[in-house]
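First chain A sits with chain B, and in the next complex the same chain sits with chain C.
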Partner chain A sequence: MNTAALTIGESHEGNVCVVTLSGRVDSTNANDLMARLKALISSGEKSIVVDCGAVLYLTSAAFRALLVATDEAERNAAKFVLCSLGGHVRELFEMGGFLDVFSIYSSRAEAVAKLA
Partner chain B sequence: MTRPPNLAYSVDEVPPFGILIVSAIQHVALMAITLIFPLILAREANLSEAQVLDVVSLSMLGLGVATVFFCIRSHFIGSGYLSPAAYTAIYFGPSLFALRRGGLELVYGMTVTAGIIQIGVAPLLRRFRALLPSEIAGLVIAIVGLSLASLGVSYSLGIDNGQSIKPEYVLVAGVSLATMCILNIWTKGYGKMFCVLIGIAIGYIASYATGILNFTAIFAATGAQVIRLPHLDHIGWSFDAYLLAPFVVAALAATLRVMGDISNAQRLNDADWVRPNFASLVGGVSANGFAMIFCGLVGSFGINSYSSSIGLSGATGVTSRSVGYAVGVGFAILAVFPSAAAIFAAMPPPVMGAALFFTAAFVLTSGLQMITARMLDARKNVVIGFSFAMAVVADIYHNALTAVPVVLQPIFGNSLVLGTVCAVVLNLITRIGVRQRVSIELASGSINREAVEQFLSDNGARWAARRDVINRATFGVVQLLEVLGDPPDGVEVEASFDEFNLDLCVRYAGVPLEILEKKPTPREIMASEHGERLLAGYLLRQSADRISSRQIGDSAEVTLHYDH
Partner chain C sequence: MIRSVDLVIHNDLAEIAVVRDALDQLGGDLQVPMSALMPLQVALDEVVSNVVKYSWPDGGKHEVFVRITVSATGVALDIFDDGRPFDPRVAPEPIPPPKGQRPRPGGVGIHMTKKLVDKLAYERVDGRNHTSLIKHCAVGVALKEV
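Up next, the complex of A and B:
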C-alpha cells in the first residue's frame, strides 16, 4: 500500500460535477472532504459524481463524510453518486455494508451518463 | 474463483448430453482399471467364479456411490469438484494382511473402521493445516503420479513378477499410448476430450488382433444372464485391534491423497488458485470416509479419490461436476450387467498400462506445479527433497524395507505412505523457529500512520506475505490508531508472522477498546463522532479474522489476527 495524502480534484462534464479523490481518506482529511462536498451542494450543484478510482484506502471517518454528503444532497434534491471503486476500496465498502447505502457505478463514464 | 480459459467445461457448467455421457464413459473406463485390487483380493480369498463376479459388481457399485459422494457440494459431505473414486494400493497392503489374518469378514470390518477414522479426521484438518501445507499435498500428488507411471510401465511391458518383456504387450501399449498422445496434443474438440477412451478402444482392438484379449473366456464366466443382481452371501464383518495401526496409517495416507487430489481439482478450476479451500477438502475427506463405510458394508474394499481421473479432466478440459454424477449412475447400471463387469475386469494389461502411464504424466506435472507454486526456502527444500527421495527409495528397496516389524510395514512398504509420513514429520520438525516477530514504537504526539504503513509493507514483503492480507492488516492498524487518537505514552505495534498466521498486537496506555458486534445505522454514524467510533469498531471486527481487547495494568492491548 503506497502512502499518499488526499488530493481533491474538481471538473465538469456537461451539467455533472465530477469530484476526483486521490490518496488516503482518513480522520486527518475527512473533514476537509466533507466541507468541500457540502460547499458544492450548497452552491447549487444538482449532479455530483465522486470518482474513487485513485483512493488508496479509507477509514470510518471517510465513510462518515460520504454519508453526511449523501444526506445533504438528498435535502437539496441533488443527485450524489460514487464510481470506480478499486479492489481494496470496494472490499472496505463491502465490509462496512455500504454497497447498498450509496449509489455506486463501475466507471466514471457510466455515472456521468446516468446523471446527465 | 477465476475460470481458466483453457477449460471446455468448468466445475459448475453442464456439458451437452452427448459430451456428458462420453466423458463419463471415459472416466468409467479409466476408473475400472482399479478393479484389479478387488479382483486380486477376491482371488486371494479363494472365492468361487460367481462370487468373484459379485465382488466386481459390488465394487462397481462402490465406485459409483463413492464418486457421487466425492462430487456432491454440501456442508456435510462432498468436495463440490469432479473427483472420481478408485480402489487404491494404499488400502491394498493392510487389506491383504487382514485377509490372511481373519478372512474377508475382517477386511470388510476394518474397511468400515478406516472409514470412521477418516470421518473423524475430516473436521480436524483446518486445525492442523499448518502441518499439511499445499506443497505437501503437491508432493503426495507427484508421488502418486510416479507410482502410476511405474505401474503403467509394468502393465505395458508385461514384466510383473520378474518376467521378461512381452513384445506383443509393448506393441499394444505403444499403439494405445500413441493414440492418446496424438489426440491430446495435436487435435482439438472431441478428439482431445475423449483421447483416453479412444486410446483404450484402439488398445482393445490391438489386443484382440495380437491374441491378448480372449472374449470367449470372458463371457463364459458371466453365464447366460443379461441382468444379475449381485449376491451378498460372502459378506460379514469383524474387528481386530492388532490391525488398527496399519489401517490408521492407511486412512491418514488416503486422507492426504484426497487433500492433494481435491486441491488439484480446485487448482484446475481457478486460474487464481493460491491455496486449498479447506471446506471443500473437509467435505472430500468426509466423503471418502462414508464411501469406505459403504464399501465395507456391501462387501468391497478400501477406496480413495483417483489422481488419474483428475489428470484426465485436466488433460481434456472437462472438469464439470455433472460428469461425476453421470459416472455414479453409469457404475450403478453396470453393476447389474455381468457382461459389462467382465469386459472391464478383463481389460488387457497393456491397455491399462497405456492409460495409467498417459494420465500419470498429468498427475506428476500437477504435483510439481503445486510444489513450486510457492517459493521454496531451505526448510521446504529439505522437507520436499528428502520425502520425495524416500518415496523413490521405498520402491527401489521394497523387499528390504518390508522386513520391518508388521506395525511399520504399511509405512515402509508403500512409497506414497513413506513419502507422506516423511514429509509430515519433517515439516513438523522444521517448523521450529519459523515464526518471526517485529515491532515499532510510535511516540506520543507524533503518531505517524505512514510509518506504520511502511513498517507493515516492508515486513510483509520480507515475509513474502500475501498483499491482500497486508492491506487488510494495514487498514486495521490505521483504523485502530484513529480510534485511539494520541495516547499519552505513545503506541507500540508488534507484528508476528508465520506461513499461516499474521498477528498484530497494539499496546497503549488507557482503557481497553470496546468492539461492537452490531453495525451502527447510517443515521447513528452521521449523528456525531461517537457514531464514527462505533463504525470504526465494527469495521475493525469485520476486517480481522479475530480481534480481542484486554487490560494489562495501566495499559491496554488490542490483538488483531489474520489467517494467511
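Up next, the complex of A and C:
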C-alpha cells in the first residue's frame, strides 16, 4: 500500500474547479480537506468536482468533510459533485449510506461536462 | 507463527498516523491481502479516532495503546484506553435524516466498522476499555518464513 497519506490537487477545466484526491482520507487529514474545500467555495468557485479516482480508502471523517462542503456549497449557490469512485471506495460510500447523498458521476469528463 | 507490534499514541488525531503506518508496514511485510488491509485501516481509524475524541471529555493528555497482531489466518487489532467506558457494540445505529435532509455522519463510523471486520469485541477490564477487531484472511507466505 502506498504510504503517502493524502495529496490534494487542484486544476481548472474551463469554469469548473477539479479537486483531485490521491491517497487516503482519514481522521488525520479530513480537516485539511474540509478547510481546502471551504476555502475554494468562499473564494467564489461555483462549480467544484472532487475526483476520487486515486483514493485508496476513506473513513467517516472524510464523509463528514464532504457533507460540510456540500452544505457550504449549497449556501453559496455553488455546485459540488464527486466523480470516479473506485470499487472499494464506492463500497465504503454504500456502507455509510452516502451513495444517494452526494451527486456522483462515473468519470471526471462526465462531471465536468455536467457542470460546465 | 504470529507477529505483533505494540504502539502507544496520545489522544491527538494526528498521532493516528503512527498506528496507520504501522499497520501498513506490518501488513505489507507479511503480505496481508489488500482486500483485508484496507477495511482494517478504515476500522482502526474509526475506533481510535472515537477513543481520541470521546474517551476523555475533560481533556488532558492521555495514552491509547494499540496492538496489531498478524497470524496466518488473519489480523487482530486491540485498542486499550483508560477513558470513560464505551462499548461500540451497543452504539446506536445512525439516525436516518428527516425527509429531504442530508444525513449527519454521527454514528456512521462504528456502523461501518461492524461491517468491515469479522468480529468486534469489547470488554472493560481494570478501568480500561479494550476494543478488539478481527479480520480473517489468508496471510501470505512471508509469515511462514519469519
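Throughout what follows, the second predicted complex is superposed on the first by the 113 of 116 C-alpha atoms of A that agree within 3 Å, B and C clash if a C-alpha of one lies under 4 Å from a C-alpha of the other, contacts with A are read in each partner's own complex, and residues count from 1 in each chain.
To be clear about the criterion, a residue touches a chain if its C-beta (ideal position, glycine included) is under 8 Å from a C-beta of that chain, and two chains touch if they have at least 3 such contacts.
Source: prediction; values computed, not measured.
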Exercise. Applying the touch criterion given at the start, work out whether A:97 contacts chain B, chain C, both or neither, answering first, second, both or neither.
Key: both
Exercise. Using the superposition on chain A described above, determine whether A:26 touches chain B (first), chain C (second), both, or neither.
Key: both
Practice problem: Quick one: classify A:61 as touching chain B (first), chain C (second), both or neither. | Solution: both
Quiz item: Considering each complex separately, which residues of chain A are in contact with chain B in the first and with chain C in the second?
Solution: 1, 3, 26-28, 57, 59-61, 63-64, 67, 71, 88, 92, 95-97, 101
Quiz item: Which of the residues in chain B come into contact with chain A in the complex?
Solution: 449-450, 453-454, 456-457, 468, 470-472, 474-475, 478-479, 482-483, 519, 522, 525-526, 529, 531-533, 535-536, 538-539, 542-543
Quiz prompt | Residue ranges of chain A touching chain C (in the complex, touch as defined) | solution = 1, 3, 5, 24, 26-28, 31, 56-61, 63-64, 67, 70-71, 88, 92, 95-98, 101
Exercise. Could you pull out which chain C residues touch chain A in their complex?
Key: 13-14, 16-17, 20-21, 24-25, 27-28, 34, 37-38, 41-42, 45-46, 48-49, 52, 94, 102-105, 108-109, 111-112, 115-116
Quiz prompt | Contacting residues of chain A [partner chain B, same complex] | solution = 1, 3, 26-28, 57, 59-61, 63-64, 67-68, 71, 88, 91-92, 95-97, 101
